[in-house]
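Have a look at these structures, which come just after this line.
Two complexes, one shared chain (subunit A), two partners (subunit B, subunit C).
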Partner chain A sequence: MTTELDAGTGKVAAKQAGPAPIIDARGLGRWYGEVVGLSDLTVQVPAGITGLVGPNGAGKSTFMKCVVGELRPQRGAIRVLGLDPFANRHLYARMGFCPQQDALYDQLTAFQFVEHLLRIGGTPSRAAKEQAAQALERVHLADAMHRRCGTYSKGMRQRVRIAQAIAHSPEMIVLDEPLTGLDPVARHQMRQLFEQLAAEGSSLLVSSHVLHELQGLTERIVLIHRGRLLAQGSVREIRNLLSQHPRRVKVRAQRVRPLALALAAEPDVRAVRWMDDTSVLFETTAPQALLERLESLVPTTQPGILSLEVDDEDLEAVFDYLVA
Partner chain B sequence: MKASTHAEVYRPFEGSLLERPRRPLVLAWSGIRLGFRKKLPAFLLFAPPVISALVSSVMVYLMYSMSENLGTEGGFQALQAQAALEELLGNVARNVASFVEVSAFFALLAMTWFGAGLIADDRRTGANLLYFSRPVTRVTYILGKWLGVAFFGVVTLLAPACLILLTAILASPDWSFLKEESSVILQTLAYSVAWISVVSTLVLGLSSMVQRRSIALVLTFGAVMVLHGLAEGAAEIFEIPGLRALSLFNDFNALAAELFTYRRLQPEDSILLMGLVGWILVPGAILWRQVRKMEVVG
Partner chain C sequence: MAFLTALLLICRLELRSLFRSVRTWVAAGIALLVAAIAVLAGGAAPAERIFSGMSVMMLQIIAPLVGLVLGSVVISEEVEARTITFIFTRPVHRSALFIGRWLAVGLLAAGLLGGSAALTTWGTTHALVREPAQRTEWVREFQRGERWVEADRSTHRRVLYEVEGGDLEREWIGWIQPGEIYPLQRPDKLNRPNRIRGLAALPVDMTLPAGASTAFAGAAALAALFYTMITAGLSIFVKRPLIFGLGYAFAFEGLLANLPGSTQALSVQHHVRSMLISGSPPELFERFRLFGEMEFFTPGEAVLRLLAIGGGVLALCAWAVQRRQFVLTS
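Then we have the complex of A and B:
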């Protein structure tokens, strides 16, 4: 796959090459009353690990529910593994889904829960027992698998959800925010597990609202925001976008005007906006250089700095930039 | 097949699945297993009908065995005693009917207690997302949950009634109960199955409307008790006997009268029997609609 930046829209678009995509969504639209879930989302996801990234409310879960056939889009069409995912029982046996919701029965043990779901899927009783135990071992819950889920921590519950999604060795695994609630060690273990699953031939669609969670796990990222595809490509491309994105530095000072005039002349400063008598907002591609220059100006201009704020390098900032 | 940007190999699904998996039974079993996790409510709700069934079975057995012993002796006194026993034995069918009617209340308690959370909890936790991302249809899901609730009705109502009937069949001389009173068996089965079916559908219908088991519990008892009170009150105030059909108990009394024929069928009984149909259709429609929403948000 190759990626390129559209100069007009600032969006990164992927150029697909090679085998047919495992998910082929075209013009998906879904609304919840007046709230947009998905809006004309067109995306093709090839085999392998793909990260689905977007801020909360971006439409990640809506898209995933469309993929697993639990939510019917009001517009557009979607094919998963070449099939229509709605009411397609044959397809469901080939997919694993880890929802964001808790979804566990507190009174059952993790083993009973996973075995129960395997049997619902059509796995024979004995095989279901073996696969449940194996899946729970893979998520490092072997010691606690015969304890009731009600006694589990949030992270352990998350592992049970992952276990039930992978237990029947599905072709495609859809994981909605699977790393949420896990401690750093568990995160590392789960990332290793996802890599193993991919190496074994499963395709994974993993969502997260934090880009760095998926870094190292996959190079292929789909960014969605407000139900639309914002960017699709490698992590590197997304990071490049981040570096091109002007960052905002807000300075509050008793005498802000001489400081603003001096900093406005800096080469990396794209814009200066007066907020009020004591506040000014700089847009710069080199925030660190701006801060260093500001520090050097303090002895001469005596601005009486009250506060300094720099935008986070988070996805929201990129989204704001791309959308703008 | 190689993935375009990864080294991993695309692997088609290789697992083996059952040709005809009994998904409703698996779903029902999970509901039963969840119910039996709490021992005290299970004991309190199952003990009265089971004890009552055991006592009734012993009495039926004693009556038949004493009758057989008296039958071998001669004399006027023996004939008198036999007549008295026959009078009692003649009421076996009536006793079974009474037992079923009383046990039905315990069945209502047990089915509501154990069944109220079956769909409400799925909605609250999102477990339905896991079910419907598997090869589970709406019908499978409803049937599985329905069988789970019905099981508790079978344990508290049908099984004890069958125990008494079985005792009567085995203890009666020359299978006379089976030969002469076989209609009682069918009537008992019909009444029990009707009660279990209606209550299971009611419990699940109301459970599917909420996300908390406790609210589903209150709703179910509220629907049964409040509507009974309203039906009785409204029928008295407005002098419209047909309003009694709003009460589940009245409807089943009419059914019992129809089946066991121990009292004369009243003119309004046909309306009450229609009410029974309403008790299964309305919750059934609610259940179907709610589960449809849970399956695929269309």
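Then we have the complex of A and C:
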């Protein structure tokens, strides 16, 4: 997969190459009365682990509900594993869904809950029992699986929801904020589980509004905001493709003025902003070139550099930049 | 075939899980209310009298309540609890899910109400809590000075006397044992000696006419199936199906089914009443004057009409649930 900047919107858009995407959404629109859930969202998600990120209210859950066929888009079209997802039982045999809402059958034990859902799906009784037990073991709930769900902590309930999504070994798993409510140990365990599932051949679409949760789990992210695709690709790809958008380099030096004057003449520098007597902020489309030029200027200008800061490339920074 | 297999599997699974639900036990409590009253009242009056009252109460109030409470399990409870996502993302046709779950709650409701109807019948024909009441019967005229029997209030035996032209039901003066006679002479208001006749206290009739209990149990079970279908079906289309269902059962049907005329045929109530009343001996419900002004279907006709309507409603619901989006609020 590659990414590119959309000339019309100025945003980063995805371009698909290679095998057919597992999710192919084109021009999706979905409203709740006057509230926009999705607005002209076009995105293709390939196999593997994909992170779906966006602030609260961005449309992540709405998109996921469209993916799992809980909602039907009012505009556009969506295909998941090549199928129309809405109420499609053939798709559900190949897909697992962990919803965001903290809802379980509290009167059932975790084992009964997962087994019941497997049985509804047509799994024979003995196999359902085995699969339920295995899934609950994978989410580290083996010891507590015969306790009623109503007695579970929030983290345990989250793990039960993950278990029911993976119990039938689906080829695609949609996880809506799956790490919410988990303690650090459980988060680590679940991230390991997701990696294992991916290694076993499942594709995962994982949403989160806590961006660092996804960093490390996957390089491939889909950023949505206000129901629209903001960017898609790896964090680095997205950052590199923002070539028309400047990055910021902050220089602190004892004699910053001559340095600033020299660097301001560089062709990639779009703006120079004085912060105070010792600090200046450059906006450049080529931060590396700026740093190299700065290095070359040090012997002649003797600025007495105190510090250099380049806005980082992590997901949070990208996200902040794009959403802002 | 796969659809039917899935439907039956879902029905079986749902029945199993229904027994763990608080709602089931609440519905069972409501269903058994009539039976409990019948058992407590059994023997207090002739069985026919208690039976007719209890059966009408069952069909008009209890059956709709139980049906509506249990029917909401099918969809609306899942929507409210936000668990519907789990069942609607299973590899099974939504229609099979809907019909299978409705069948489970319908069968449970039918079992509860049919069972309660059977228990009600049994309660009215057996005096478990009290000794059977006595009805008085004139035995003969008594001569002045004939044997007197002291009245005993604790045994609840009534003895009546008659003043010529008096009201038999109202004029009573004391208590006697079954089979005993109680002659009395008392002057009337003009101070003339009255003719005295004797009364005997005899047990009330504790039997029911043939066919009445079967008609009652059948009507109750069928009512259960249809009232569960109403809430289950409403929950596909509206957010508060129980409120709409209660409005339908007690306001709309309450009016429609009690207005003589052909519009009665539009209510479930009229059909289940037809099963009960047409399937029982005519004298059983004579005291309900309103029923005397109505024309009821024969039991077979009522069942066939309900099955035809029910089949249509079920098909519509199965079609709608496959297309409906259930938007869950966070």
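Here, the second predicted complex is superposed on the first by the 229 of 324 C-alpha atoms of A that agree within 3 Å, B and C clash if a C-alpha of one lies under 4 Å from a C-alpha of the other, contacts with A are read in each partner's own complex, and residues count from 1 in each chain.
By definition in this document, a residue touches a chain if its C-beta (ideal position, glycine included) is under 8 Å from a C-beta of that chain, and two chains touch if they have at least 3 such contacts.
Predicted model, so just to flag it, every value in this text is computed and none were measured.
Partners subunit B and subunit C, once the complexes are superposed on subunit A, run into each other and clash. Subunit A is touched at more residues by one of its partners, and among subunit B and subunit C that partner is B.
Contacts of A:Pro46 after superposition on the shared chain: subunit B is touched, whereas subunit C is not.
Of the two partner chains, neither subunit B nor subunit C is touched by A:Ile221.
With both structures placed on the common chain, the touch criterion links A:Ala135 to neither subunit B nor subunit C. When the shared chain is aligned, subunit B and subunit C each come close enough to touch A:Ala103. When the shared chain is aligned, subunit B comes close enough to touch A:Ala199, but subunit C does not. After superposition on chain A, the subunit B segment that clashes with subunit C is 22-30; the remaining candidates among 4-12, 22-30, 58-66 or 166-174 show no clashing C-alpha atoms. Shared contact residues on subunit A (touching subunit B in one structure, subunit C in the other): 68-72, 87, 89-90, 92-93, 95, 97, 99-101, 103-105, 107-108, 116-117, 119-122, 164. Residues 1, 16-19, 46-49, 65, 68-72, 86-87, 89-90, 92-95, 97, 99-105, 107-108, 112, 116-117, 119-124, 127, 164, 168-171, 174, 198-203, 218-220, 234 of subunit A are the ones that touch subunit B when the two sit in their complex.
Residues 6, 9-10, 13, 17, 20-22, 81-83, 85-94, 97, 322-323, 325-328, 330 of subunit C are the ones touching subunit A in the complex. Here subunit A touches subunit C in the complex through residues 32, 61, 68-72, 87, 89-90, 92-93, 95, 97, 99-101, 103-105, 107-108, 116-117, 119-122, 164, going by the rule given at the top.
The touching residues of subunit B, when paired with subunit A in their complex, are 1-18, 21, 23, 26-27, 29-30, 33-34, 37-38, 121, 125-127, 129-137, 295-298.
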